[in-house]
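Got some structures for you, see below.
First subunit A sits with subunit B, and in the next complex the same chain sits with subunit C.
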Partner chain A sequence: MKYLRLIVANLLRSKRRTFLTVFSIAIALFLFCTLRTVITSFEASLRASKATRLVVRHAASLVFPLPLAYRERLAQVPGVTGISYGNWFGGYYQDPKNQFAQFAMDVPTLLDLFPEVVLPTAQAEAFRSERTACIIGGALARKYGWKLGDQVPIIGTIFPGEWRFVVRGIYTGQTKDVDENTLFFHWDYLNESLPEGRRNFVGIYWLRIASPDLAASVSGRVDAIFENSPQPTKTETEKAFQAGFISMIGNVQLLLTIIGSAIVFAIMLVTINTMMMAARERTREIAVLKTLGFSDGLILRLVGGEALFLSLLGGALGCGLAALVFRESDFTAGGFFPNFRVLPETVLLGLLLAAIMGFLSGVAPAVQAARLEIASALRKVA
Partner chain B sequence: MASENGTLIHLRDVHKVYYRDRIEVPVLQGINLDVHEGEFLALMGPSGSGKSTLLNLIAGIDAPTKGEVRVAGESLGTLKPSRLAAWRARHIGFIFQLYNLIPVLTAYQNVELPLLLTRLSSRERKKRVLFALGLVGLEGRAKHFPRQLSGGEEQRVAIARAIVADPTLLVADEPTGDLDAKNAAEILTLLKRLNEELKKTVLMVTHDPHAAERAHLIYHLDKGVLQS
Partner chain C sequence: MAIPLAYNLRNLSARKVSTVLTALGIGLVSWVFIFTLALAGGFQSALQATGSPTNAIVIRNGSTAELTSIVARDAAASIESQPEIARAPDGTPLATHELVVLWNLKRKNGTPANVVVRGVTAKSVALRPKIHLVEGRMFRPGLEEVVVGKLAQARIAHCALGDRIKLAGRQWSIVGVFDAQGTAFDSEIWGDVELFMPVFDRPVYQSVTLRLDEPSHFGALRKRLEADPRMSVQVKHEDEFYAAQSATLAALLRGLGLFVTLVMALGAIFGALNTMYAAVGSRTKEIGTLLALGFSRGSILTSFLIESVLLATLGGLLGSLMTLPVNGITTSTMNFASFSEIAFRFQVTPSMLLSGMIFAAVMGALGGFFPSRKAARRVIVEALREA
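Showing the complex of A and B:
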């Protein structure tokens, strides 16, 4: 600790350079945390998936619906212990920028099939008994300041027009991975409001199975039943469905990892250059410290310590800022990332990366300083 | 620290050769020197005569090409770099011509530097730093940075830094070379006091015959050869 003052004093020697270096490291780590959070947000939806839930959709595409009539036949498949269904609504609140997920769901079966959606009993009852009622996640309620009893107008895009819902429940997620940015309302309300030709069609069926071991056999049976029908099905586990959904936008994880690494690498080169310059400028002072009895090892630690201190400071600022910004802003990227939160493990990973950056950027100048020959260094700059 | 006969510095057949573009440049040639504890010795000679090189060898910041350098009971050629650094911290107080204070540290912090290498508590360090600054008459300038001090004051801070750890030997390389006559006289008086009152052995390199007059002994170096 007694050398910390020396390290800090040296870093404050050129305040502008130190500030710019810390700032660039902070920006790099901020971007790293942001990109990493995109990945963890994807993973959160996978973690929230239940192994005992299957998703049944049209074999060709999610865009094509399935008949409501499939419900009875699906319920009879051996191994299926529960069924629910719904439609992606695809609307927005007031402005197209205010995007979040809305699902028209079969309300009697919704809470049974999705126990991770936690709702007080009285609110659940109020939701069930009112046709225009809806429930919203806690995060959504906080974002728009909605309370129980509020009327929420949603502009439909797939189902045009203004749809008004009354908030009768505010649910919380059973775990942190559960999305709290969704609005659920009655599928019947949607169905009855549609023209005759569009009624009684369902976007997705969810099946609950007795055991995860049955997933393959139940999926096979379901798809076999409808194989030759006009609307064939594709059945898969919820996790596989989510993963497939994510893969639609390409290998995002790889792309983001490459971008994040490139940013950090570029900033590391800048930091190395800065540290080399800083050490070179102080050749005489380092020689003086050695004359006073500072050993090569101590000089190595002091110069290396500066780089580490600089990187950790920048890392702490960048990671801290990312955590703070995305906690306070309720950022969801237009509803695409409902749980966009910088996880503590992401912050730790960012700090570890900052420490590695500090170590790597400090090695060369520290070794150079430690190897400095006192007499020749004093002679060169005298 | 000195040998039984009181010799603090013992040099035998010391040679130093530099290489410039592969050309051998002999700087010191067969130096033999004995300095006793408590002496004040001045080393004079023209530029390039090897004075500073000899001082560096005695202070353990350079190594001879050949010969033995024994100072404060240690044969410096046998010490590993880490041991040599510890030896310097314990035995050598170095005063440079250009002061060489660390510009981002205050006078207090500059003087404290050698004590950071010891196991002294911060309270004990403070006591010693203030004592050293008091000795050079700068206790009131402790919080000033080098840029806020005059040249003479900077050199006095450098002297305080050199004596704060109570070294066995003070080596001064042209300590008055960058000062006006008044400040130079003050610095020489200070060195003389350190030698007489604190019994410090002082080895000073100088161009200035007036400065050298303060010493007990004057040696001359010419083309790498020592003459008393």
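Showing the complex of A and C:
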């Protein structure tokens, strides 16, 4: 567009104003991306879940365990091709504030059922053959500076006492949505350390099924088997299980959306104001352009284009900054968001929002400028 | 001599659209500021108010929440026979042993929630003076009856008086609704502990709560119980126990709120800078006149600064007013310390409104300073000559 130079020249005339406007828009979009990423981080577990994995737990809640004896019966259900199990350990490192997930897992089946947990073969072998060994996610290792061979003391809240695990492997996630803030250790080790009465109980069974189409029938069959036993089960796809967990967090998404909208709206008001002031100061100039033969439509596009250009520039800066800051920082907000990463969709949404902001803030001054009557405008200023 | 305030007020009302847009922008920043404070404050005070400073709670050593705690029957009996416990009018100790389980129930909108189901004794209500029945009656021991907290009743399906709810394979009649004044108990379901134990297949209690006869006796009681190798327990002030549960999430909410508002304030200050620079620019002639009339540079600086702060405070006032409808709205979240749902109310306090206004005024002062300085530095002749 040959008038781009005119738009840029106009923007450069009041550099301070352009700078302030672009940066306030950038800030709004930065915050928008951050808040939106909080929401998408909650949902990372959904994206990482496999359609061919079912979760079996006690029907009442995760607090109640299931007998280890269920394993054999679950394995015999038609359609089940693999099974693993484990217990939520619920411990902390040094201080209750240092939260991250620890699972006591059946190690022989862990890597088979969770192919997204990627571990070098030698480390997997070392993990398998040592009773007190554990593996940790890469992000967790970076956060606490743990290395292979380190002893990690974890204080149990469900299983009291201090537990020491030796780091024998550092896993990475197959995709970026896989949580790298978890510690896995041997279920057998936990089980043998418990008093007689608490042994041989399992918190969660994971079933692999031959195809996603079998999810409903296998779930129904499993729950029917145990329906009238003292420990009835609830079986659902991993995705449904995670979604249930997320929905328990409550209205967080709504609250964040409200805050995010307020931010964008506030900055939009400020931008509208700036655009209107800029147009008002240029009344005479626009009248001169019209005298020179610029059509109303062209003036409309020029003033509107300026607003759009400013907003998109600010939006690109803000979204880009958010994507950069959170990409490599391993930010987890105290373990609450194990997977804080700006998604490409979020950036696109932010840019779209910036464009809408630019359009809305440009409409009023652009229409005003287009409707300007040359004679009265020139008279007023002079 | 100072420039009259009326000059600033007239100026603000002369450019109505600009004034309203800038004030609204700043107002929304204050609104977000107060909103997040009210959210964090409501959550924290719900948990803080749950515990009473004159009560002590005994849980298993190493546990951070009742849910992961175990107190055996014999241990509970010996805890309840300690001499530091206050007495009920009938001479029995004011102490209760409770069972806590999480039960997955459906909210009224169909989504799942982990609800705390608490087995209680006759003393449980006496130990929590905030709790009183608002509908129906208390459950009768030994019968399949429960009472529900007011917020649980409002949010969880099938919790109305007279409804039946399925727990542990049995149907329980809801015979009463209690009001716990916004504390965590408001989100719970209560029934008879001695009946719950066999039904929920739990041979042990989760906690013992007791009233101290003298607050100063806490130390002695704690020392004796924690030193007893047979039970392996920890003793905490009830209020501190619940406050600790809210600490992490409340700090996170406050941190998020502070981060968002500070960054957003920067954006709003940029906006205010723009508005005030434009105001100074379009009033060059006026400034020249003021200078010619003999107003000092200091009073011109002060006048423009006052105008900016006025504008921002107006916005702060708007933002504060807009948060008032939020006050008292009930929302819920998961208490991460116990994995249970806790409902709480937004709490807008006068001090939050005041901080919101001060926050806005500071934004106005920061956004107005440089433009005001620019105005004060004008040279009379040049200013008058300019368009």
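Please note the rule applied: the second predicted complex is superposed on the first by the 328 of 382 C-alpha atoms of A that agree within 3 Å, B and C clash if a C-alpha of one lies under 4 Å from a C-alpha of the other, contacts with A are read in each partner's own complex, and residues count from 1 in each chain.
To be clear about the criterion, a contact is a pair of C-beta atoms (placed from the backbone, for glycine too) under 8 Å apart; a residue touches a chain by one contact, two chains touch by 3 or more.
Predicted, not measured: the structure shown is a model, and the values here were computed from it.
By the touch criterion stated above, A:363 is placed in contact with neither subunit B nor subunit C. Residue contacts after overlaying the shared chain place A:255 against subunit C, while subunit B stays out of touching range. In the superposition on chain A, A:12 makes contact with subunit B only, not with subunit C. In the superposition on chain A, contact is made by A:296 with subunit B only, not with subunit C. In the superposition on chain A, contact of A:312 is made with neither subunit B nor subunit C.
Applying the stated contact rule after C-alpha superposition, one finds that A:355 touches neither subunit B nor subunit C.
Contacts of A:263 after superposition: subunit C is touched, whereas subunit B is not reached.
In the superposition on chain A, contact of A:68 is made with neither subunit B nor subunit C. Within the superposed three-chain arrangement, the count of touched residues of subunit A is higher for C, of the candidates subunit B and subunit C. Looking at the shared chain after the overlay, A:285 reaches subunit B, while subunit C stays out of its contact range.
On the subunit B side of its complex with subunit A, the touching residues are 53, 56, 59, 61-62, 81-82, 85-90, 92, 94, 96-98, 100, 102-105, 109, 113-114, 116-117, 122, 161.
Chain contact summary for the complex, subunit A toward subunit B: residues 2-3, 5-6, 9-10, 12-13, 284-285, 288-298, 374-375, 378, 382.
Contact residues of subunit A toward subunit C in the complex are 16-17, 20-21, 23-25, 27-28, 30-31, 34-35, 38, 59-64, 90, 96-97, 99, 155-158, 160-161, 230, 232, 234, 244, 247-252, 255, 258-259, 262-263, 265-267, 269-274, 276-277, 280-281, 333-334, 336, 381.
Those residues of subunit C that touch subunit A in the complex are listed here as 17-18, 21-22, 24-29, 31-32, 35-36, 39, 60-65, 67-68, 101-104, 111-114, 168-169, 201, 232, 248, 251-252, 255-256, 260, 263-264, 266-268, 270-271, 273-275, 277-278, 281-282, 331-334, 336, 339, 341, 387.
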